[in-house]
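Chain IDs A, B, C and D follow the sequence of writing; residue 1 opens each chain.
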Amino acid sequence: MAERTMVAALNAALRDALAADPRTLVFGEDVGRLGGVFRVTAGLQEGFGPERVFDTPIAEAGIVGAAVGLCLAGWRPVVELQFDGFSYPALDQVISHVAKYRYRTRGRVELPLVIRIPVGGGIKGKEHHGESPETYYVHTAGLKVVVPSTPSDAYLLLRAAIDDPDPVVFLEPKSRYWAKEDAELTTEGPGIGVARVVREGDDCTLVSYGAMVHRCLEAADLLAGEGTSCRVLDLRSLVPLDLEALADAARWTGRVVVVHEAPRTLGMGAEIAARVMEVAFDHLEAPVLRVTAPDTPYPPAALEDRWLPSVERIAAAARRAVGYG
Amino acid sequence: MAERTMVAALNAALRDALAADPRTLVFGEDVGRLGGVFRVTAGLQEGFGPERVFDTPIAEAGIVGAAVGLCLAGWRPVVELQFDGFSYPALDQVISHVAKYRYRTRGRVELPLVIRIPVGGGIKGKEHHGESPETYYVHTAGLKVVVPSTPSDAYLLLRAAIDDPDPVVFLEPKSRYWAKEDAELTTEGPGIGVARVVREGDDCTLVSYGAMVHRCLEAADLLAGEGTSCRVLDLRSLVPLDLEALADAARWTGRVVVVHEAPRTLGMGAEIAARVMEVAFDHLEAPVLRVTAPDTPYPPAALEDRWLPSVERIAAAARRAVGYG
Amino acid sequence: MDAGSNGETLRLIAPDGEPVGDVDALGLGEDELRELLRLMVLARRLDEECLALQRQGELTVYPPFRGQEAAQVGSASALGPEDFVFPSFRELAAALVRGVDPVAYLEYHRGTWHGGPYDPLAARFAPICVPVATQLPHAVGWALGAKLDRREACALAYFGEGSASEGDFHEACNLAGVWRLPVVFVCQNNGWAISVPAELQTAGEIWRRAEGYGFPGVRVDGNDVLAVHAATRAAVARARSGGGPTLIEAMTYRLGPHSTADDPSRYRDPAEVERFAALDPIERYRAFLLRTGAADEAFVELCAKEAEERVAEIRAAVVALPPPSPEELFRPTFARPPAALERQRAELLEGSDG
Amino acid sequence: MDAGSNGETLRLIAPDGEPVGDVDALGLGEDELRELLRLMVLARRLDEECLALQRQGELTVYPPFRGQEAAQVGSASALGPEDFVFPSFRELAAALVRGVDPVAYLEYHRGTWHGGPYDPLAARFAPICVPVATQLPHAVGWALGAKLDRREACALAYFGEGSASEGDFHEACNLAGVWRLPVVFVCQNNGWAISVPAELQTAGEIWRRAEGYGFPGVRVDGNDVLAVHAATRAAVARARSGGGPTLIEAMTYRLGPHSTADDPSRYRDPAEVERFAALDPIERYRAFLLRTGAADEAFVELCAKEAEERVAEIRAAVVALPPPSPEELFRPTFARPPAALERQRAELLEGSDG
């Protein structure tokens, strides 16, 4: 296995998808000549030409709306919205059309499209560059929502998303873009809808996705030193949610802590807490705890470390869960 | 107390607010000459003139964006977005600006604006006319979100929303628009952030808001006949959430069922379940159950009765909660 | 033909039926000319029947298109089988022209299905689209796909003058312009957007916006079926041959209410309606055909009779439409549904949540 | 003055500094003429210092405006104290003109606060706005408010040619047009939107879009500070006197990278940059002042010296900016914060979640 960044893995996934299916298109703001502001699409326009990989005007609703039309013409568009905070102008197209088109047409028109969005904070970005928009997509019935946490998963899940006949919102944790990890680029392995236990443990389960998985692993290390053994569950996809894996973890450890960057109220942690209670109530020895950002806007760079879940906050919550009762 | 519809109560609230503060403005699509497609603004343009109450072009982002600018010029705009499904084009302005403006300006610029949206199904409407968009707003830090269930509350809460210095998204359950109820039009009473116990009970609490409160009351009647006593809690505001009332109810009855029209995943029920677990874990004798729409798009009129929570489904969930364990 | 783009309104038939432009240049045979009347008469008769069906409780809210028959029939009839229509919500007449099954279409208004009750890909007619202007970027995307496929086909998108105030209108036009795509944007300016008159919608003229996107705009008399047809045909030809988009503004009038839920007496002067009723597109075209000898009274009667028969069939089929199965609450959502959704299905439909 | 609206580009000073239009008609005194140079020189010096500060790790990502000094100074200097500016994210020069405290402004780029670090209401300068074009409806709303208050004041909104592709641009222009509001829309067409050149952004000309909204559009040489000033002054006068909006497209060039995170060598030809560097707005204006005798070399030197001193002060103050207190994570969110948020504050800041 070679060391790769998530950016390189995503780039490889797009390249391989473009090569595998001549109906695949990649477009968005600055994805062509520049290769994307994060270089995820670097070299693709050179490789596949300006008809398959192209720049668009700054018009997010237009980009996503055009992707819908391209699906009707038999194409498979993979669009990039440049940043979390600039995905919102497309929400109407996503909610009113992308999510509903198959349903509205009684299943006759499929939208095999992928919307890639770099998300999350932790990179000392300006406002509107550190948002965690997953709730907006997860709540919208008709979408699948995927978040990789490693380069290997970035490759595998993006390939799976592009192959999926349903629309997929693919959220890329930008604070992990440049971290090098051992990575295999393969389409073999657990696909969309399957969570992964990234660390075994018995006392408490830390449930997370995207960038926060790594912080959970750090917290688990810390806690291991204190004699507390934590399972870490990487959800990988938020829709579909792997209920078996959640139930298993909750039943086994009896204590669950959910961690995410998005603000608390109706962040993904709410759904995890509710589901865990539904599927494993009798096994719970403590309430499901949520370690999240507070219910405030993303703060300026100087404060982001205080806002985002820290290893210490995660560990504190796990201690509370384990010590509960 | 006189019998009034919710439409009449809302109309009175707008009229009284316009009379009380000359800086209040009412605008939106068809709210002027026509008086709104639901007649909520009927007679207001005649009463206050076309400068205070006016029609706009069809441009939801423009309407909400203009409301932001009006606040900077010292006005208090109350805008109507015509239907739930047509509120989405304004989401970018709501998320990027309305919710964050006070924060971004360090508290120097307040946005005392109200966005009214008729929401929900049950009126045999076409697609895009039956959506329950509350999650999008509740998750967006910086907004308050209010949902009245009765004409009295519609009046009181809309007056409170207009007086509030923070931006308020005011969701009006359109299936309750024309129901006549005894109603008092007064600004005295529990304001935004205070839930109301609309029926006392000991065995189980039904938590809801908007139109579904009435269905919960029907279910409670049904269950009373079976010897099960249900408390019914009307949240009235989703942000702020009345955690005391939730905790009280959960501690007292030990069993909680949440009911809403929105699809299950990351619908308000998820947050209620998570919060109830956080504040009353040791008192819970059953998992918090959710009676909601499934995770599918709003269906055609012919199927909506199957999709929306029915009295029978609510009662069945309460029976399951009470019989749990 | 170019009148429209100089700011004059393109017109080929005067309101009294007198030809005022070079009709022959269109090269339409008498059969083709007559067909346009047949379609308009059928469309109007169906529109009337829908209103009746709605009153009888057989349809939910219905948005009549009376007065706009020429705008829709004139434009849709200029398309070929390869072209693709992106309608808004008032384009039943255009759907008829394109051969969309009206019974399937009316499932939408009956409330037994959503905006795509027919097969949009087979009919080359996208789903009925209610969130105004959101269909315009779809048309652009489809046209981009056709261009990439080197297909000589174009997208035609309908929208109202009110919808043109939405941001999606702008984004779609700009994309179509900069990518020089085969799209014909057809604005039916029927004077009203629910209760808001066109002059409260914009201070500009909609057809003139095209220039700002780098493509031509034309204004046509939308109650003149031949003028609409001519303008659309020219736009379609340009689109198919790589010349890029055109914006056509068809000036017409909504003679009826916005929908059966609307009461126009609250906001518009009946005298205005009368004035426009006198400019009826069907009467004008009937007079033209009779005057020019392209049709005779017998044909006119035949049209009415055929429409009567066809609409009776449609009516019978519509009232017999079966309700959708509750399975349809779930099945169409995903091609590969999540397991959790299957569980919700069982819960809801098999009552297995007890 | 009307050149711009016929499709000619309004210009008062040739690139070599030669007056080519009726400069006297502007009625600017020599003090006023010199002030424009002083402001441009200061702005450029500050821009350079910000790049240095960024390289030294004292600022986060910074978007330089080099080359656009005339577009910003020329327009902002045409405003009165009652007017209100709605900037995008590259308008530090305009902010200087308006008297916004640059140290407070730079809190934004230092990462110690968001887009509204200064007092927007006192400065009459709205928060720095990154989601492109979203500030335009705000300008419209403010202008509506001013009109309802019968105030003789206007809103001036800045945006780039790339931002003009967004739906919000369209909705804002259309609302301003139909309500005849006092708004001046100033598009700085600097040729690039990050890596996308203007010709991939639109096939039209942006100033021409105004006609479709029913108000005038003008194109000016955006590197000619007097032409920009003249066009803006005329637009402001029209706006204040009830004449409605104007769209000004100032043709300029982004000499630097999009931001310090950008590497333009990936997408643009250095020869293009050199070509535009030769059209430098400050050199042009300096040559004009010297040539016409409105300023002498001593004044030019004074400007440079003053800029040096002022920027040194700003720099010192910026690097000394205190970090925000963690209380600021919560306090500014609501005027009346929910009780649950107070609990979150305690949890997070007082570690009371144990």
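Throughout what follows, contacts are C-beta pairs under 8 Å (C-beta built on N, C-alpha and C of every residue); 3 or more make two chains touch, one makes a residue touch a chain.
Being a predicted model, the structure only gives us computed values, none of them experimental.
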B-D or B-C: which has the larger count of contacting C-beta pairs? B-D
Quick one: which chain's Cα centre is the longest way from chain D's? C
Centre distance in Å when chain A and chain C are each reduced to the mean of their C-alpha atoms: 40
With chain centres defined as C-alpha means, what is the inter-centre distance between chain B and chain C in Å? 36
Compute the distance, rounded to whole Å, between the mean C-alpha positions of chain A and chain B. 30
Provide the list of chain C residues touching at least two other chains, using ranges where the numbers run on. 113-115, 131, 165-168, 171, 174, 178, 200-202, 328, 333, 338, 340-341
Multi-chain contacts only, two chains or more: what residues does chain B have there? 57, 59, 61-62, 85, 88-89, 92, 96, 100, 103-104, 127-128, 141-142, 239, 241, 294-297
Which residues of chain B touch chain A in the complex? 61, 85, 88-89, 91-92, 95-96, 99-100, 103-104, 127-128, 135-136, 138-139, 141-142, 239, 241, 262-263, 265-271, 273-274, 277-278, 281-282, 284, 286-290, 294-297, 325
Inside the complex, what are the residues of chain D that reach chain A? 60-61, 108, 110-115, 130-133, 162-163, 165-168, 193-196, 200-202, 261-262, 266-267, 323-324, 326, 328-330, 333, 338, 340-341, 344-345, 347-349, 351, 353-354
So, in the complex, the side of chain D touching chain C is made of residues 165-171, 174, 177-178, 180, 199-206, 208-215, 244
Looking at the complex, which residues from chain A come into contact with chain C? 25, 51, 56-57, 59, 61-62, 64-75, 77, 89, 92-93, 96-97, 100-110, 141-142, 144, 164-166, 193, 239-241, 243
Spell out the part of chain D that touches chain B in their complex, as residue ranges. 84, 86, 113-117, 119-121, 126-127, 131, 134, 136-146, 148-149, 155, 167-168, 171-172, 174-175, 178, 328, 331-336, 338-341
